[in-house]
Amino acid sequence: MLRFASTYALQTMRRNALMTSVAIGTTAVLLLVLSTIAVIVVSIDAGVQALQSRVNVIAYLKDGTSPAALSALESEMRSRPDVAVVTYISKDEALKRLQKQFASHPGLLGAIKDNPLPASLDVRLVHPSAATDVGKALQAQPSISDVIINEDVVNRLVTAGRFVRLVGAVMVIGLSVAVIFIMTNVSRLAIFTRRAEIEVMRLVGASEWFVRWPFVLEGALCGAAASLSSFLIVAAGYHSLIPVLRGSFAFLSLPVDPLLLPKLLLLGLLIGVGVGVLGSLIAVRRFWEPATS
Amino acid sequence: MLRFASTYALQTMRRNALMTSVAIGTTAVLLLVLSTIAVIVVSIDAGVQALQSRVNVIAYLKDGTSPAALSALESEMRSRPDVAVVTYISKDEALKRLQKQFASHPGLLGAIKDNPLPASLDVRLVHPSAATDVGKALQAQPSISDVIINEDVVNRLVTAGRFVRLVGAVMVIGLSVAVIFIMTNVSRLAIFTRRAEIEVMRLVGASEWFVRWPFVLEGALCGAAASLSSFLIVAAGYHSLIPVLRGSFAFLSLPVDPLLLPKLLLLGLLIGVGVGVLGSLIAVRRFWEPATS
Amino acid sequence: MTTFDPIIRLDNVSKCYLNGVLALQSVSLTINPGEFVFLVGPSGSGKSTLLRLLLRDERVTTGRIFVAGHNLLRIQPGAIPQFRRRIGVVFQDYKLLPRLTAFENVAFALRVHGFHDARAIRERTIAVLELVGLRAQADRYPATLSGGEQQRVSVARALVTGPDMLLADEPTGNLDPDNALAIAELLDQINTFGTTVVVATHNRDLVDKFRRRVLQLDQGKLVRDEESGGYTLALAATGDSLGESTLPLDGRRPLTLPEGSR
Amino acid sequence: MTTFDPIIRLDNVSKCYLNGVLALQSVSLTINPGEFVFLVGPSGSGKSTLLRLLLRDERVTTGRIFVAGHNLLRIQPGAIPQFRRRIGVVFQDYKLLPRLTAFENVAFALRVHGFHDARAIRERTIAVLELVGLRAQADRYPATLSGGEQQRVSVARALVTGPDMLLADEPTGNLDPDNALAIAELLDQINTFGTTVVVATHNRDLVDKFRRRVLQLDQGKLVRDEESGGYTLALAATGDSLGESTLPLDGRRPLTLPEGSR
């Protein structure tokens, strides 16, 4: 039965080129839009995450902290899962940095003698939301005099991250729903144009699955063709555009998920073939035995 | 003829509810996606622009600049089209700010006497790309000792702005193309299912426009219905979501274009009705006189 | 089903369509296996409706209907395809699959019946197409066949599976007298091999020539059930025995159309 | 067009369909205004093709064709609708608009002809539906009409505009003899009012009864053009004068189908 179904499906696809091309074209374009937007959202999200990983907590050390206590503290911090990098900044280093910052007003710091600046630990975080925790832990250390958290930056980054995530998720999910809705509609329409055909088959004594198989196969084939072609376009665009973008917008430091493209392919196939098959199943069911149900 | 066409169009729309609902539903969803993404892109772009308007150039004044020279300079700067706001910061004000900045290290600035800080003009720009121009103009003034442009911030903002613009434009344009492509396809499919009807009309002696009018009207009505309903959803979402978003993501300071919604409505109607009408015209033409052309 | 029971039995069957048209009224009849029955009656008298009920394409509104051992009011939806495979049908509007050639349309019925062997399918299909005179048209699509050719494809499809029962709705309506006679002889021949045949027809010549059992419907009622009958009742051979004509023209009203204003 | 010229003239017309089927071969004929012509011939002999050529639904492959004063090889595409409005057509497959009721289908032809006045359209449409016996079915969709009823709607649509010329392709194929006769009488009556009528038919009774001009096609060739002819040539009244039957069954070959293996 499957052999016949596939023959029949391929034949009708060929003999009804308009409908086949409309179905594949529509699906491919929808998946193309979906994956492009997914790529954009994922890239922006990755960019924001990269920015977030630059958030740091500064802990000023009391003058006279012993090197042993310091290294104990450093390694304790490093072992925390929410800490990415810990850097020690000595008193000299701190002064140099300040002088550099005020290089344009040499008069301002000329008056300073005896280097009043404390040494400090610069603690980079994995995610900005850990700032308060890490800050508290540092504050509790006896050798720490003061902890500085750039609340403003932290908050902004956390909010911006949440915003990007939210908008991105809304866009991708909303778009997926829209894509599935439209694909289902197109397949309903395509099968609607063939309800007479289905009616004839059932009157000749074809069982429900005998009628369904060709439609399901057609749906699967169209879906696969569409998702493959849209994937090829996205992959080509990705490979040719990303280096250009990374060149022009270097600071955004767009990172790459090496699995992004395979994931996209999988998603496309899942939606394309899934909706193709399910849409056909539902649409055929709808026209099955219209006189009785 | 138009009266008959409209009667016929309304009748067939009613009697072919499936096709009508598919056409309207698909178009509405497509326009919904398009306008949602347009709103998002416009909002993000507006946010970036708001950030950009905070870019400033600091010009340090030579000690002893006369108030007359100062106000002449201020007004000259204000009259430039690329300058948004000019603020004068006196020597006292500058010191206060610095003290506030270093509040956590009271020892650092305690040593300062005689206030070495210069007075300055804080010039906010309309767009960061004007920074170099404005900087040069300031540098040329005899009363200015030094000009500081935060090149890094300027560059980042300019790049980010360009990036957002580019990605946004690509998304909106690409999406519009996709939407138009899909709508055209759906209307081709819908009319394809009715080619027999068109064939009968032409055999009975109907002129081309007699056949076309009902289809064109149907396209226009479906398009209008779809764009209106998608507009209502977007407008409702906009009005209920924007305050929430503005609350949670206050710092992003999403500005509102009061004409955004009317513009969206116009765009939706244009695409919805335009494609509905054009799609029908083209599709009917395609099935017109199949035997001869 | 035992072979001695009637293959078709209708008890007081009425059919009222959704739009309120009462197409059949209290029809009772039995047809035994192996019978050859002509179903006659004026246009709109319910012949096609009766055949649709027999195929369980439509359901009866009241009354009971048994076909090939099934109570069609109780038959499970899942059992319907199996049931239909025992019946060959020639539809009044042919109902060919537009995207299949004549050959494929006929072969389709064999596929539905579970035949797999491509060579056997091919031989059998070609043989039946040859029987209806369409060997040369085997690879053409329905849209490129003449009306009568399409009708014969429909006949071939109904025959090819060797059904227990054959329902033919106006199978010669678009055929010239010679072809019509040949098709009728084909049905007759199939009947002699044991298939029950029910033919709805307007073809007076055929009914009169074959002299088989005749069921006559008029406005949904069974008005005649005659063994070896003619198209019209034997007593009154002229046209008006069929009841008043449905057309008002019989009174020879002059054709005066109201003039529409342009 | 002057009324004395033939309304239809074919010079050596051949029609070869895209798939290579030669449906008409060197057909030459003239039909004068006001004539009533029966077109006969076995299934697939080219009757419908000829009518399609007259309507400029298909184009001739070679030869020249003039209809109602138009050279159909030269006619501008823009002039075709106007040309077709002078012709009423009953199609073999009815070609009704599925989403319009019987009434609306008939009224549609009037709309196409530029009639606007709803009351005039209504009166005229109802009058013609009454003529074909479908007054009661006026508000039903084609899908809910019996085969014969659909055919009569198609007839009504062809008549309603009072065309100069009426082409009817098998207009009685799904009608019982009484209804068929009534429709034929309607066509005859319209002909007496001046409309040229060409009827392709397989109905032997009608042709024999009306005794009008008969054009007979066989395998695309015009094999007879007889004034006041019968369905078959006068000399040999039996069926075989029509040439050999297209069916091999005439030799009474026993019905042995090759058994397919399941």
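Order as written gives the chain letters A, B, C and D; numbering starts at 1 within each chain.
Basically, a contact is a pair of C-beta atoms (placed from the backbone, for glycine too) under 8 Å apart; a residue touches a chain by one contact, two chains touch by 3 or more.
Note that the structure is predicted; figures quoted are calculated from it, not measured.
Participant: Enumerate, in label order, the chains that touch chain A and chain D alike.
Facilitator: B, C
Participant: If you average the CA coordinates per chain, which chain's centre is most distant from that of chain C?
Facilitator: The chain farthest from chain C, judged by C-alpha centres, is B.
Participant: Round to the nearest whole Å and give the separation of the Cα centres of chain A and chain C.
Facilitator: About 63 Å, centre to centre.
Participant: Could you put a whole-Å number on the gap between the CA centroids of chain B and chain C?
Facilitator: Whole-Å distance between the two chain centres: 66.
Participant: Roughly how far is chain A from chain B, going centre to centre by Cα mean, in whole Å?
Facilitator: Spacing between the chain centres: roughly 23 Å.
Participant: Check each residue of chain C and list the ones that touch at least two other chains.
Facilitator: Counting only residues that touch two or more other chains, chain C contributes 113.
Participant: Note the residues in chain A that touch 2 or more other chains, in rising order.
Facilitator: none
Participant: Would you identify the shape of the chain contact graph, picking one of line, ring, star, complete or other?
Facilitator: Chain contacts: single closed ring, each chain with exactly two partners.
Participant: Throw together a list of every chain pair that touches.
Facilitator: Contacting pairs: A-B, A-C, B-D, C-D.
Participant: Once bound in the complex, which stretches of chain C touch chain A?
Facilitator: It comes out as residues 55, 57-59, 77-78, 80-85, 87, 89, 91, 95-100, 108-109, 111-113, 157.
Participant: Quick one: in the complex, what on chain C touches chain D?
Facilitator: 17, 19, 21, 40-44, 48, 92-93, 110, 113-117, 120-121, 123-124, 127-128, 130-133, 137, 140, 144-149, 151-152, 160, 162, 169-170, 173-183, 185-186, 189-190, 193, 202, 204-205, 231, 239, 242, 245-250, 254-255, 257-262
Participant: Name, in rising order, each residue of chain A that touches chain C in their complex.
Facilitator: For this pair, the touching residues of chain A are 4, 11-12, 15-16, 196-197, 199-208, 210, 289, 291-293.
Participant: What residues on chain B touch chain A, complex-wise?
Facilitator: Residue positions touching the partner: 18-19, 22, 25-26, 29-30, 32-33, 36-37, 40, 104-105, 107-108, 111-113, 116-118, 146, 148, 155-156, 159-160, 162-163, 167, 171, 174-175, 178, 181-182, 185-186, 188-190, 192-193, 245, 248-249, 251-252.
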